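In the two complexes that follow, chain A is the common piece, with chain B as its partner first and chain C second.
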Partner chain A sequence: MIEVRFHGRGGQGAVTAVRILASALYLEGKYTQAIPMYGTERRGAPVVAFLRIGESRINERDLVHNPDIVVVLDPLLSRTVPVTEGLKEGGLIVMNFPKPGTEAGIGGRFMLATVDATGIALEALGRPITNTAMLGAFAKASGLVSLESLEKTLLEHWPGRLGEMNLRALRTAYERVTPPVDVSGIQAQEKRPREEIFSKDVSSWRIFKPQLDEDRCVGCRRCYIYCPEVAISMIQGKARVDYSSCKGCGICGEECPTGAISMVQEAL
Partner chain B sequence: MSRPIPLHELGDKEYIDPANQACQGCGGAIVSRLVSKALGEGFVRAEVACCGPAFMNIRAPSIYVEVFEGAGALMTGISRGLKRIGREDVVVMGIIGDGGTVDIGFQGLSAAAERNENILWVCYDNEAYMNTGGQKSGATTLYAATTTTPIGEYSRGKLERRKNVPLLMAMQGAPYVATASVAFPEDLLGKLIHAKGIKGFRYIHVSSPCPTGWGYDPKDTIKVARGMVQSGLWPLYEVSDGILRLNYKPRELKPVREVLKMQGRFRHLNDEEIDRIQREVDTFWRRLVAKDGGEIF
Partner chain C sequence: MGRWEVMVGNKAIAYAAKLARVQFISAYPITPQTSVVEYLAEMVASGELDAEFVNVEGELTAQTAALGASAAGARAFTATSGPGLLYMHHPMHATSGGRFPVVMAVIHRSVKGMQPDHSDMMAQRDTGWIMLECENSQELLDTGIMAFKIAEDERVRLPTIFAGDGYILSYTAEPVEIPSQEDVDAFLPPYRSSYPLLPGLAEEARRVQMEQWGIGQDPQLRWRRQQEAMEAAKMVIMEVNEEFYKWFGRRYGNGLVEEYRCDDVEAFIVAMGTIASTARTAIDRLQAKGRRIGLVKLKSFRPFPSEEFRRLGAMVRAIGVIDRNISLGSGGITFQEIRSSLYDLEERPRILGFHAGLSGKEVRVGDIEMICEKTLRAAKGEGPPSLVEWI
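For the complex of A and B:
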């Protein structure tokens, strides 16, 4: 039996990914279980989902604690969530990251394959929903499921244009994912202490960040009053963003009457 | 009647902690911040189960109960207790979801209004039970898709029109009733500050778009909220001692189509359905305008 854990953020489609993958594997004659983690799955908040793949009936009913494979749908998630926790020695990580696996800040006796799923999703769907791209990457990196079964299941799930767009994301990621690299020699990036995860710093929720052009700011306070996170303060008549409190929702950029705020993709 | 508060008159002091656990672009989080800003110090807040605990980082003493129908009883209890210890100066405020207000919580709400309890009830209206996955509520707009009114061969979304609870509260004779929207913070702040100074039962119902449940990009929360007001889907008015006043009265309303089509929950609507919503909005608006400045009953 092979056990997989998916890490993502609410809105990136981790639960849907697990369901599609389970159905695709079922088509190939496997026994599968797709397990969404119950909780408040708010858009942007860290979520997990699990998958079991067996050659015979699976009797386990609990959550997956020691996965063979971990799939990470978000490039910044691993800064605050311990994504390799419980991962078996020699286990595989498939991660949404635009650079080689050796630069992802993940270390330990694991193999790591990376793919720029955010970039691919923005290209194919116009939105940073990375689940289908990551399924393509998973298929190639793990060799556990064929692209054909995934394509078939995907089109059943989303008939029509949406399906075609997702198909493009799936195939592109299948082609672009890097071969897994050994990260046992890499020093794992320090995780922030756990209590910090539940407190104020929400910077890792962002995909886009607001960039302020002070010269264009007329101090009207629109962005300040609309920011749902109270991340903007007015300093000497100009807006200033506290990036640790900003989730990158984009409201400030949309509402600024002078165009002083532009949303730029978070650099990694 | 209330007076809108220009943003430049606002002090810099915050009464809420930055960053919360709500979704990106949550309208409810904006309500929570504006409430804290308007009331400042000297209030306690009541909370029941809803998305609220994710974004109510307000620095004020709070009492939370899990039963989401319980806000009326909870706020009554706090208010009576404060009276008993001679602290009627403390405002009792609850930010309560639409489900906890117009559906299961309605009995307690209506009874508290009947008794004219000394409380300030702020309903943040995301038009469904969002905390539990987006089931329809009595506040959901006609034809909206929710998880319990999905779109399918035999289903076109919600079958019923939304309940008008602000007017029901006004008809019960509450001293102050108002509607508001996150897109009009000056108006909302003014109403909150006005309500703070009144004794008895006060009710403010705030339209609070929810990107997750309504299916639009988080950056558009204010756009959607504004569009609802400008099209008459969510008129801004207040009723003070039985006199109604419209707070936003454009010469002409925008057609409802544009703001409906911004939202995934209305994407399935055909022309006939949009026309029906438009007709109902027009009728309601005409009646409101006729009452503007006069007695509601």
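For the complex of A and C:
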């Protein structure tokens, strides 16, 4: 049996990813089990999902503690979440990271393949929803599932245009993912304090950051009302973002009627 | 021939209701409801399923509405979870008292918190419903179909719950075979109530009911008749399980309990639901190491298969019972019932009780291996004669 753990953030589609993978592998004659871990459904909060792949019905109903493979959907997550915890020696990590695996701050007796899934998702979908790109990367790096089965399942899941867009993300990542590199010689980066679902400081969740143009702000308070994290305060008639509470969801930018808020990608 | 699909447990439950061609579905649509009724609502809206779907304002009404539909002669279904089931408690007595064969899916959720345990269903244990527990999504679908056949059998006529653990099954996706509609139709013919409470027929129906089910005579008689129906249900459950096997090639032990690798063992453990599933792996590992321990999966919690445990208990020296529940102030519920089933044996095995998985606490393969080792020690006469432990 092969066990896989997916790490992501609420909204990146980790649960959908394991379900699609379970269906695609089933097409190839495997028995599968896709287990989501539900917590509070908070967009941006760290989430995990598991996948078991076996040759016959899988009886284990506990969680996966010693995965063979770890997939990381978010480029910054590994700074606060111990993504390699319990990973078997010689195990594979497939990570959304725009640089070579040796620069990801992950070390240990593992193999690491990277792909800029955020970049690919933005190109293909216009949104940083990285799950389908990471499925393409997973297929190539692990060799466990064919691109064809994934394509078929994906189109069943999203018929029409959405399916086509996701197909592009899937295929592009399949082509661009790096071959796995040995990271046993790399010093693992110091972790920041472990992130919890109820964390107050959510700045590490951001891929995009709201930037305020004070001249264009007319003080209408829309952003202040809609921000789900209460990260915006109104000071002397102008909006101001408290960046430690801002998770980068972009709702303020969507709601602002004057275009005073633009979302800029965070540097890695 | 059926077809296969990778689906979550909630969808498997919805398919059971659809394939059974339920005519009436009542549900409270908000938390703690699950996506079972969402799938069913879609099936009804798309015309795939011809049923009356009634959204109600609470679970008490959901149960009462299902009761009413069943009384009028419709095949009625509802689903709920955790605290929703607690709200149904009062009318559930009426459903069983009126001998209405409503079928209900229970997606376990603890009465303390969101994660699963069996406290929700155990709180209904004396409501007079048949209760069948499932360990995977295939079993949920299959048991759902069987539940109607059991409930509607003239020898039984009792409402029936089929249940599975929330999250662990309800939102986990795995391959499930969906039997063909033709086969299910042949296995489960349409429901024909012999005593529909319809205008004009109502009087006659009431008269028959009173006679047969003891209403309006000796005040205790209706209880006694219900208990007799529960006893009769044991045979019916076994029959339906075998007939299902003939049609679909799957069966669940003898319908009441399933013995897993119990040949030539000196002890066995007992578990319900998903813990029984995980326990299979533990048993496989231990038997590979030469340990002589098996698993008895308890599928029918009500009626409780005491005879089965008497038969099985006579073959071993120790039994370890895992309860995903507790009767506070007393103890593990299946532990006590099994223990009492063994009382009449000349030579009783030792029996140990374990509480595990309450409020969704994870039960790992290793936990069950440890339970097995303790049970094996008891079989060798080591350790205390009786023991209750929290895992």
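Throughout what follows, the second predicted complex is superposed on the first by the 211 of 268 C-alpha atoms of A that agree within 3 Å, B and C clash if a C-alpha of one lies under 4 Å from a C-alpha of the other, contacts with A are read in each partner's own complex, and residues count from 1 in each chain.
Here is the rule we use: a contact is a pair of C-beta atoms (placed from the backbone, for glycine too) under 8 Å apart; a residue touches a chain by one contact, two chains touch by 3 or more.
No experiment lies behind these values; they were computed from the predicted model shown.
In the superposition on chain A, no contact is made by A:2 with either chain B or chain C. Contacts of A:125 after superposition: neither chain B nor chain C is touched.
In the overlay built on the shared chain, the residue A:11 is in contact with chain B alone; chain C does not reach it. In the superposed pair of complexes, A:233 makes contact with chain B only, with no contact to chain C. In the superposition on chain A, A:255 contacts chain B only, with no contact to chain C. By the document's definition of touching, neither partner reaches A:181: not chain B, not chain C. When both complexes are overlaid on chain A, the residue A:23 reaches chain C alone and has no touch with chain B. Once the two complexes are overlaid on the shared chain, A:59 sits against chain C while remaining clear of chain B.
Once the two complexes are overlaid on the shared chain, A:147 sits clear of chain B and of chain C alike. Counting the residues of chain A touched by each of chain B and chain C gives the higher count for B. Contacts of chain A with chain B, set against its contacts with chain C after fitting on chain A, share not one residue.
Residues 10-11, 40, 42-45, 127, 200-202, 205, 220-222, 224-226, 228-231, 233-234, 242, 244-245, 247-251, 253-255, 263 of chain A are the ones that touch chain B when the two sit in their complex. Contact residues on chain A toward chain C in their complex (touch as defined above): 18-19, 22-23, 26, 31-36, 38, 57-63, 65.
Against chain A, in their complex, chain B makes its touches with residues 7-8, 10, 12, 14, 16-27, 29-30, 33-34, 51, 54-55, 131, 182, 185, 211-212, 217-223.
Across the complex, chain A is touched by residues 4, 6, 135-136, 165, 167-168, 171-175, 274-275, 277-278, 280-281, 362-365 of chain C.
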